[in-house]
Each structure stands twice: as C-alpha cells, then as structure tokens.
Amino acid sequence: MNHLGAEIAEIAAGQVILRLPFRPEVTQHHGYFHAGATSAVADTAGGFAAYTLFADESSVLTVEFKLNLLNPGQGDYLEAVGRVVKPGRTLTVCQLDVWGVSADRRVHVATGVQTLIRAKPHGQGAAAAS
Amino acid sequence: MNHLGAEIAEIAAGQVILRLPFRPEVTQHHGYFHAGATSAVADTAGGFAAYTLFADESSVLTVEFKLNLLNPGQGDYLEAVGRVVKPGRTLTVCQLDVWGVSADRRVHVATGVQTLIRAKPHGQGAAAAS
Amino acid sequence: MNHLGAEIAEIAAGQVILRLPFRPEVTQHHGYFHAGATSAVADTAGGFAAYTLFADESSVLTVEFKLNLLNPGQGDYLEAVGRVVKPGRTLTVCQLDVWGVSADRRVHVATGVQTLIRAKPHGQGAAAAS
Amino acid sequence: MNHLGAEIAEIAAGQVILRLPFRPEVTQHHGYFHAGATSAVADTAGGFAAYTLFADESSVLTVEFKLNLLNPGQGDYLEAVGRVVKPGRTLTVCQLDVWGVSADRRVHVATGVQTLIRAKPHGQGAAAAS
C-alpha cells in the first residue's frame, strides 16, 4: 500500500474500495497504469474486503487470483473494488473490479476472482496456513 | 521493470527468466515479497517470453492471468519463469512460475497461467487490440 | 447441451440464462451436481451470451475460463448465468455464475470469469482462431 | 467418471492420468470433445492426484480451477494429467493438462491450475469444508 501509494476510499462489511492515484512510478511506457499496479491494488482490495468480515484478529492470505485486463489503465486514479462473494470459516472468495476514473469517464480496467484463506493471528504466510 | 527493479536473467525462444532482488520497497509487513511484486514479475516474464517468438515489431498485451501463491515470497531474490505453452498468431498462452531463491534453498512461490494477445506495432493497449 | 440436458431459460443482449434439471447422470456420488456439469453449463451460458452480441454468422470459442465452486450443487436445477462484461471485436469477457435452485432456496454454486474469441464462420476450433 | 466414461490410465504419488475415449456423447457439433468433457476429466484427474497424497480417509473438493483451451479436443481419446504442484494440510494445488491422442499425434488440448481443499471423511461438499 505504501509502496503503491493506494488509499482507502470506502469500507463496508464485505466490501472495500481503494484508490490508486496516477503517478509516474506505477505506469508503463505508454503512460497507462501498469498491469502489476492494477493487480496489486485489486488483490489488496479483496484482502481488505475479506478482513472486514473477521471478528477476531485473524489475518488473511491470498490463495490465488485471476484477473482479466479489459481496458488500458487510464485516468486520474484507479479505483479497485473488492467484494466478498462467499465468506467462509476457512476460505473466502471475492470478486475484484478495477476502474480507471477521470473527471469525465469511468472505464472498466479489470475484473477477476480471488480466493483467500484465513490465517491464525501471527501466521506467517501461505505455507503456514496450508 | 524499472519501478520493480527486476532484471533479465535469461532469454531463449519462448522462455524468459527475470530476477527481482529483495528490497524493502517490494516487501510487505512480514518481510516477504509482496503478492503484487510477485504478480508483476510473473506477468512481465510471460509477456517477454511471448515476445521472443514474434518476428516483427508486434507488441504483446496481457489478456488475463491467474496465479496461485504457493509459499511466502522469501529469499535473496525472486526468479520468475515465463514459458510459452501455446504460441499463436493472435493469442499466446504462457505458464508462469516464481521461485524464492537464497544461497541454500529454492522455494516455489507461485504458479499460474497467462493469456496474451499480439498487438499491432504502436497499438495502444487491450482496447485497441480487442 | 443435448448430452447435459440443459435448456435456455432467458436470452437478452449480452446475457443468457440456462437451466440444467437435476438428473442422476449429471450428479456425483453424494447426490450433488457434478463439478463437470456445473462447469459445462457455465461455459455454455457464457458462450451464448457472447454470441448474442454478434451481428453476423461468427461463432465463438472459449479461450479460457476460471470457476470457483462456492457451495455444493444442490437443488431441482442449476441456473447458469453468462453475462458479457466486456464485448470486443476479437475477445469477449463474460462473468459466469451458477445457482442451485429449489422451491425454497437459491444457493450460489459457482462464480467465474471466461474469455472467448470470435471465430470466422465455419472456423474449426481454437487452433484455427488463434 | 461413469457418466463421462473416463478410466484411470496411471496412478503415482501426486500424479494421476485419466483417459476419456472418444464417444458421440462427449463431443460437440464439430465432432470435437466438448469443453465440458475436457474440463470434467481435467478436474477429476487433479482431484485424484491430490487424493493419492492423503494417508487417511480424507476426501478432496475442488475450490476452483482455471483452464485454457489450447487446441480443439481431437483424437481417439483425451488424456488428462493431474499433477500436484504444492501439497498442503488444508490446500493442494495441481497443474492440469489435457492431450488429444491418436495413433500418429498428440495435441495439447488444455492447460490449467486447480486448487483443492481436504475435507474430513464423510464431509459433504465445499460448504462444509469452508
């Protein structure tokens, strides 16, 4: 998040929206947001969305995700929406959508699905969890 | 690539290996490589692998990719292997694997599959291509 | 479709709903719809949804799809919803959702994303298209 | 398996190969194996591969899978190879590959990745497990 420069725009139970402002560091040679930045912000939004549904101090790890890049990542900022489709004790599944937003338009940049696993507090990554 | 700090370790027809050295900027709070950095280096390795098979000045765009995060991204550097599984005039499919490498061990950090589309020279992103 | 025993429940521009009635042939040993039947009906719904947006006699081929199996496939029938998220001249991306429906409940059985490629009339499969 | 008509060709620790002979029931209108049949046999091969690594009477459920359809499903039979890439106490990840085999050639029909979850003996589907 710090490295990317993303910020939280909205938090609700099961849904989190992040914003990643346009900066030269997260763009590729054509001046668009890089696919890596798009993926990172989408993955993070989904992880936060899952996290909103945990009562205790569990943490959450991405098991896998799939992302279709629909349009070039243009705009003043990327808006990444993570939404829990199926909560669970062990696994949570989120839908991921990223939009490129500018004053006059809103373009669907990416859509995907993500599987997350709940890890015990102080767990140390996917290996520990699985 | 510049933002990530990755470098090319190996190029062959249909296969490219990238290295991403450990740096605080690409790690998360546990001290592991961030999933976003892992994804970005995997996606880039696959794109380069597809590119090695094009004779002309075509460029290549990621249509979609799917990545399973198998183990925490630990080590001195990440090694991302992009390998063309199915070349094609329009679409190319790559297998993606990322390893966490240190002096004494080599851990499988991620595996996945990626679909790429060949774009005309000077094409400007997925929208133009699709 | 014939082999599966699915039928069309609804067709609109960019969205198709299929129904697959419960039959012993499409269930596994626990008495649930088999994952293979769930995948087949989801994939077909997405293909039909893409097809509704083509003016000419193009056909459509699945490039790839990803499906998360959220709940056991229970109910009187499966309802598969294919919805175009991003239409394109070459590639179309659909969201896929499958529900298990009975008189008193509706369970989310699967969610996923699919990439399709438009093929020339009389094209003969993915190899010809790519 | 019964409905599909697939048979086990090879079992080893962490790898299972299934064969699905060509039959009119598993083909589509062009005379190729249907994507649904390809998916079902791939998914089953991965599930069996994971199962070979369990000492006890655990069963296994598919969490999600992603499949790229590389070439039309032609040949005398489909050969589906499920191979465990990452075993785990809770989650297992498999690589899936399907080949179309005839006397004189062997075509790569599909490649993908699958995530499976170990379920307690007598567990009844993904809902119980997650």
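For reference, chains read A, B, C and D in written order, and residue numbers begin at 1 within each chain.
The criterion applied here is as follows: a residue touches a chain if its C-beta (ideal position, glycine included) is under 8 Å from a C-beta of that chain, and two chains touch if they have at least 3 such contacts.
Computed from a predicted structure; not experimentally measured.
Trainee: If I rank B-D and A-B by number of C-beta contact pairs, which comes first?
Mentor: Spelling it out, more C-beta pairs touch across A-B than across the other pair.
Trainee: Of the pairs C-D, A-C or B-C, which one shares over half of its contact pairs with A-D?
Mentor: Having compared contact pairs by residue number, the answer is B-C.
Trainee: Measuring between Cα centroids, which chain is at the maximum distance from chain A?
Mentor: Ranked by distance of C-alpha centres from chain A, the top chain is D.
Trainee: Where the centres are mean C-alpha positions, what is the separation of chain B from chain D, in Å?
Mentor: Spacing between the chain centres: roughly 26 Å.
Trainee: I'd like the Å distance between the centres of chain A and chain B, where a centre is the mean of that chain's Cα atoms.
Mentor: Here chain A and chain B have centroids separated by 19 Å.
Trainee: Hunt down the residues of chain A that sit against at least two other chains at once, touch-wise.
Mentor: Each of 63-64, 66, 68, 70-71, 86, 93, 112-113, 115, 127 in chain A touches at least two other chains.
Trainee: So in the complex, the part of chain C that touches chain B is made up of which residues?
Mentor: Answer in residue numbers: 63-64, 66, 86, 88-91, 93, 113, 115, 117, 127, 129-130.
Trainee: What residues of chain B sit close enough to touch chain D in their complex?
Mentor: Residue positions touching the partner: 66, 68, 70-71, 85-86, 93, 95, 108, 111-113, 115.
Trainee: Please give the residue numbers of chain C that touch chain D in the complex, ascending.
Mentor: Contacts found on chain C: 3-4, 25-26, 30, 32, 34-37, 39-41, 43-44, 61-72, 112, 124-128.
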